[in-house]
Structures are given as C-alpha cells and as structure tokens.
Amino acid sequence: MSALIRPLLPRILVVTALLAAPLVLSGFRLFLLTEVLITGLLAASLGLLVGFTGLPSLGHAAYFGVGGYAAASVSIGLTSNGFAQLGAAVVLASAVALVTGGLAVRTRGVTFLMLTLAFAQLLFTLAVRWSSVTGGTNGLGGVRHVSLLPGGGGVLTSDVAFYFYALAAFGVGYAVLRRLVESPFGHALVGIRENEARMRSLGYWVVGYKLASFCVAGAVAGYAGAVFVQHNRFIAPDNVSFVVSALVMIMVIVGGARTLVGPVIGAAVVLVLRDELSSLLLDRWELVLGVIFIVIVYVAPNGIAGLGVRLRRLVAGTSPRPARPQPAGRSQRAAVRGRS
Amino acid sequence: MGAPGSGGATADLLVLDHVTKRYGSLAAVQDLSLRVRAGERHALIGPNGAGKSTLFQMVAGALPSTSGRILFAGRDVTGLPEHRRARLGISRTYQQSSVFDGLCVARNVSIAVQRHVGRSRSVLRRASSETGVWQGVDECLARVGLESWADTPAGELSHGQRRQLEVALALATRPRLLLMDEPTAGMSAQESARLIDFVAGLPDDLTILIVEHDMSVVFSLATRVSVLEAGRLLADGAPEEIRDSAAVQKAYLGPAGTGNVGGRP
Amino acid sequence: MPDLFATYLVSVLNGVAIGVLLFMMAVGLSLIFGLMDVLNLAHGAVFLIGSYVAFDVAGSGDGGFLLAVAAALAVGLLVGGGLAVCLRPLRRRGHLDQVLLTLGIAFVLLNTSAMVWGDDFRSVPAPTALQGSGALLGQSYPVYRLAVIVIGFVVAALVYAVFERSRLGAILRAMVDDRDMVDALGVDTRALTGGVLAAGSGLAAVGGVIGAPILSIRPGLEWEVLILALIVVVIGGLGSVKGAFVGALLIGQVQSLGVALLPEFAAFALFGAMAVVLLVRPDGLFGQVATG
C-alpha cells in the first residue's frame, strides 16, 4: 500500500463508517450516534482545557448550557436558521468564558477547579431561577426544527438529515480544535501544562494563553450546546448540572486526556455504556460504570487512547515505552508531528 | 550601550539599587546595591542562607522586591513581571533543571525558539511546518551537543544532559543576561569540567550571573565575584581580591581558601 | 423588633448546627488533601451511608442512636481504609486519575447503598431524650439541634487538640508542609495517611448519623454535602483544621442566612462568597502558600 495512504487509513475508515452509518443504523441507534458526536465535541473541548493546557475544570457544562439556551432562545424568538443559532451560541458562550475565565485562570490546581465549579453552579442556579428567560425548571421547549437556508427553507425534519448536519458540525468543530492543537499556539499550551514556571522564564505570558484556551474551550462547548438543542429541541437545567460536568470530565479521562480523539472515544464509551447498561440493569447501570472507571484507572493510565498507542507500538514491533505523553518522533529533520 | 572602555553606568547591564526583600521582620536581602557590567562573568557566592537565591529570583522577576530598584540595560524593570523581563533579554537556569519532562528534546527547544522568533501565537499553521523554528532548534541542539538525542523524552536524559537541555532552552531566546543557579550542582567532576568549558566558550556579548558553591568553578570562570552574607553585600571585586580577602575567608571559605562548600543556599 | 431578632437568632443557630456538621465532613477532606494531595470525591458517599445506617439502626430510642453512631463509625473507618489501599498505587499520578477512581468508588458505594436502602426520601427521628423544643429567648428551638451544636463543638475541640497539641498532630502538620522530608525522617507516612483517611471517613459517617434527624436523606444529598464540604475546604485552606472549622461555620451561616433572607439567591450567596474569598486569598484563609 502506498506510503502516503497507509497512515491515513484509519481516518478514512472512520469517516466512511460515519458517512455510511444511516444505512446500517436505525432510529434509536442513529439518535444515539448523533448524541455521541455532539457530546464527543463537548468532551474534546474540555480535553483542550484539561489535557493540553493542564487546567482541570469541573464546570464545563456551564458553557455548553449557555450555548444551548442561547440557541433555544433564538429559535423560539427569532429564527429557525441553524447558523444564526450556532453563531449566537458561540458568541455568548465565549463572552461568558471570557468573564469567568478571566477571573479563574489566575489561580491554579484545586482553587481553579473550585472556581470553575462555583461559576458553573451559579449559572445553573441562574438557569433555574431566571424563569422568564430560561423557563426555570421546566426548561425551554418548543424549539423549532433547524432550517439551513435563508428564508426558512431547508428544514431538517428527518433523523437522517439531522445526522448529516450534526456530522458536518462535528467535523468543523473537531477540525478547528485539531488545527489549534497542532499549531505553535497549541504547542505553547502543552508547554504550560508541562512546566509553567519555565514558560514564564522563556517569555510567555502564561495567563494570556490560559485565558485564550479557556475561551476557545468555552466557545466550542457552546457550539456543541447549540447543536444539542437543535437535536433535542429542548433544554432544561438538568442538562447543565454538576453531574453533566463530572460526566464530561470522566469521558475525557476514560478516553485519554492527552489526545484530542481520546475524549471523543470516551464520550462514545460512556454514552453507549449508559444506554446498554441502563436497559440491561435498569437503575444500577451507574454501579457498573463505577466499576469500569476503577478498572480503567488501574489498567489504562492514559485512558483508552493511551491503550491504543501501546497497542500500536506493540504491533509495530517497537518496545513499549512507559506511557509518555506527546513523545513526538522525528522522521526527517524537517518535520515533527506532535501525536502520541 | 556606551563605547567600550567608557566605564561608568553606560556599560552596566544590570544594576541593583538598594534592593531589599523582607518577609515580615526577617530580611532575606538587605539594602543591596550591585552592578554587573556587560560581558562580565559575574559570580555570586556566600554561605547558606545568605540570600543568593532570593536575589536571583528578584532579578529574574519571579519574586517582587520589598524596596529598591532593579535596572536592566538602563531600563527600570522593578515592576515588570517575569515574562516581560525574559522578553527584554533575561534568561535563567534553575538549581533543579527545569525542562519539559514529558516532551522530547526537540520539542522542548522548539517551544523556546518559537517564542523567540515570534511564532508562538500562530494558530493557523501546523507547528511541524514552521521550518524557521526547526532550523533554530537544530542550531541550539548542535550548540550544546544534544543533536543525537533530539527524539528522546527529556525525562529519560541523564542529569548532565538535562542540564545541557536547560542551557539550550535558556540560550534559545538569545538573551543578553543569563542567570545560572548552581549549574554544577549534582554533577560529576567530568561533567562540571565540560560545563565550565561550555560556559567559557559562550560569546563575549552574553553577560552571565552565576550562583555557585563550587569554588573551583568560580575561580576558573568568573571575571568578577560578589560575596553575600546574611542578605548583605560583603565584598565585591576581582576573583583574586576576593580569594585573598581575610573578611571573606572568615565568612566561609575555610582555611584553605579553595574548599568546596556544599549544600544549598 | 424582638421578633426579628429572635428570627435571626434561630437562623444563626441553624447556621451553626449546619456548620458543625459540615466541619465533620470537611475536616477529613481537608486533611486528606493536605497530606496526600488527593481529591476524594467519594467522601460525600460516606456521609450518606452514615445517614442510611442511622435510619436503619436508630429506630428505637437512645440506645439505638448510640449504636447507629458506633456502626457508622465502623463503616466509615472501613471505607476509609479501603480507599487508602485503592489510592496507594496512584500516589504519583495526577489529580485526574484520583478524580476518576474516587468518582468510580463513589458510584459503586452510592448504588450499592441504594440497592440496600432504596431510593426514596428517608427521615430519622431524634433520640427520645432530645426530642421536643426548649424555650430560647422567647423562641422555641429544637433541643436536638442545640445538642448537635454542643456535640459538634466538642468534636471540633477534640480534633483541634489532637492536631495542634499532640505529637501525632505535629507530625501530621509537618507532613502537610513537606511529606518527603517526614518520609526521610523514617516516619511511616503511608500508615499515617491511611489512618487519617480512615478517621476522616469515620468522622464523616458519624456526621451523617448526627445530621440525619435534621436533614432529609435523599439521593443527591451526597453531592450537595460534598460540594458544600469542598467549598469549606477551599475557603478554609487545604490541610488546616482551623481553616475547616472557620470555613464550615462561615458556610453554615451563609447557607442558613441565605435561605432565610434571600431564598432565591441562597446559592448565589454561597458560591459568590467562595469566589470572593478565593480571588482575595487563593490558598484559603488558613492555607499554606504553595512553595516550589
């Protein structure tokens, strides 16, 4: 096989599978896959913050919620145009991230964690109390089907049509994150994660980079929130609670925080498990989920993506190195690809 | 900068003007005034607790001073945060080599180089295609002799190699003042000798301020020595003067005058 | 006027009662973080289990209640010890792994207890000797809550005495500052941290028993209490008993007064207060400034 195609093969396979999914999956399963794509993007945005910048946030659901509520409000009150909703969501989520992040990124470790949690809980309480805007505990329903053309045409009523829209939205969002992570800016974020003090003494304005990362993560989360609302046509405070933030964090850890694809895998695993387990075990699926988390911590220190890396090395015949994040290998003196 | 030989303030790269650092009633550094001339290899010595590290931190900008001024290249940097001073040309190495352990050596240096050439804010291009940066990385690695280790994770390097990497990082930003905090700490005699040779071979327009306990290193490298004791400047002059000074000897050099004083400040 | 004062007094006393309960939860969490640098998200589950044990065992009068305390203490010590064993291999790994592990354990504990005790709301009556209300400045106030306040202060005093005045406490305080140094001195820090984890969990479980008559036991309580305890820990400072006490009383007051005065905005007051403290003193009121 051509040396050019070989490394791209996994990606080609995945994209083809995703494109062909509606042929194989029906109704409920397709709905789940759409949900996986949306949640996967949310998890990837948290992965940027936690895995690449080293900022552990337990309040990421807030920005997801801001985007979702924004999109819902636009849909109910203004227009069913999907792009307008996405735009509103991104703008609002970024603004909120800028304000909260501006305060939080000056702190670190547990303090940062608690501040993000605090801001998220504040926004959750706002969602519950500010009934006139958010619908209170009842949430916002009556969200119209998304339309893609100016003037209200191109309405996505079928599950399959929306699936492709969601897939495209995911593709765009993921591509943005990927490009960011592979850019010099992304490399700087990793430097901050690895050794903040050294970054400062090299001349980097660390706070600025952290804030930028926080805002991008928030913007993408808001974007995912908008697609979520366009899919479910409903949003309520439960969608932005602490449990959601915790679950997204779990997806990042389970999938592997050090890569961008890890959190997406984690989202798939957690969501599928939740669905399969809850139908099998009714209420006790969380128990099994808990056991699985425990097992993963001991067996797969770098998450599922980390296992994948080890597997790949074993197959390639090189001795498995102790799990090291981002050990960029250099094939020629000119290029370095930053992947693990 | 002033013409060579003009002396006086114009040739001073770093000026500490009555700098004091207090922690409550405890003064780690007291009313210290010091001048470092451009091109000097200036050593800071003194017994444990003399305030050398605190002084270092204040020069780098990692610690704010309680009072006094710090001037760099004629500019008052007293209020400037660490990263701004780094951009003006101050670079440092730490007692415990501070590098990016989880990344390979080449990536380590690329992070430093990309900042220096102004590419670190770029979000549109792939880092792997920044040829200017990678050329700079090659040069830096060649300079410290780590080219064949480019793909090794920094955490797997030996102690001496980590120090070399750290120096590469510090030099990648083309600083004017290099602060070295006990660079030979934990090194074997052979590694120390290699480091001394390396530092001696650094360009003349680079000013070096070095904290050291190993007297043999000090006397083979330094063009000027300042002695600190209990936060104050005890003596300041050419290495021979300091070595022969009775006051300094009494303070801590010991009877032989060339003894190795171990421990940490 | 006197009416208003009396109402405020009731609310302040409620706040103190909540505060001492929070202290029992938070002190273990704070010490575990200070000693082991571990974020133990399973702590809330232990509290809830204590409440469930109270519900099960304490039905019959005072003897039953004391038995419940003993049972909860035993369960808490066991769970804490188990946690210590599970966390041992993760000592050098980051917070993320600990979050995942303790969260997984929390899920297991919570769901197991739900299987045993069911999902509904539960309520536990106070021990008969302490039922009823007494007159306090013209207001009637439940005797049990006053008892809780007294017990809470006694417990706090004991913990403080051990931590600040005993030799064991001196070692623990040194470990919060620099664990590696204490290790080097030949002290078995692993056993000590395991002990603190067990004791902290035991105390949280006992808190659950004592708090059971005051709170309504329900699923979701464990997360609420955990979040409140985390706030206390962060405000008070990691690894500080004094901080946990002051923080707990403070949060207890904010919670109680907030609910009494501005029920719509109680949550805002709580998280707002925390955000303010953190922005002014990022290490908490009594926290150590992180070195290195």
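Quick notes on this one:
By written order: A, B and C. Residues from 1 in each chain.
Just so we're on the same page, a residue touches a chain if its C-beta (ideal position, glycine included) is under 8 Å from a C-beta of that chain, and two chains touch if they have at least 3 such contacts.
These numbers come from a predicted model, not from an experiment.
Among the chain pairings, A-B comes first (most C-beta pairs in contact).
Of all chains, the one whose mean C-alpha position sits at the greatest distance from that of chain C is B.
Of all chains displayed, A has the C-alpha centre closest to the centre of the whole protein C-alpha set.
Rounded to a whole number, the gap between the C-alpha centres of chain A and chain B is 42 angstrom.
Mean C-alpha position of chain B lies 48 Å from that of chain C.
Centre-to-centre spacing of chain A and chain C amounts to 33 Å, using the average Cα coordinate of each chain. Touching chain A in their complex are the following residues of chain B: 60, 62, 81-84, 86-87, 91-92, 98-104, 106-107, 110-112, 114-116, 119-131, 133-134, 138, 150-151, 153, 155, 169, 172-173. For chain C in complex with chain A, the residues that touch the partner chain are 33, 39, 86, 89-90, 93, 95-97, 99-101, 103-108, 110-112, 114-115, 119, 223, 227, 230-231, 234, 238, 264-265, 267-268, 271-272, 274-275, 278-279, 282-283, 290.
The residues of chain A lying in touch with chain C in their complex are 50, 56, 103, 106-107, 109-111, 113-115, 117-119, 121-122, 125, 129, 242-243, 246, 249-250, 253-254, 257, 283-284, 286-287, 289-294, 296-298, 301. Chain A meets chain B in the complex at residues 179-180, 182-188, 190-191, 194-195, 197-206, 321, 324-330, 333-338.
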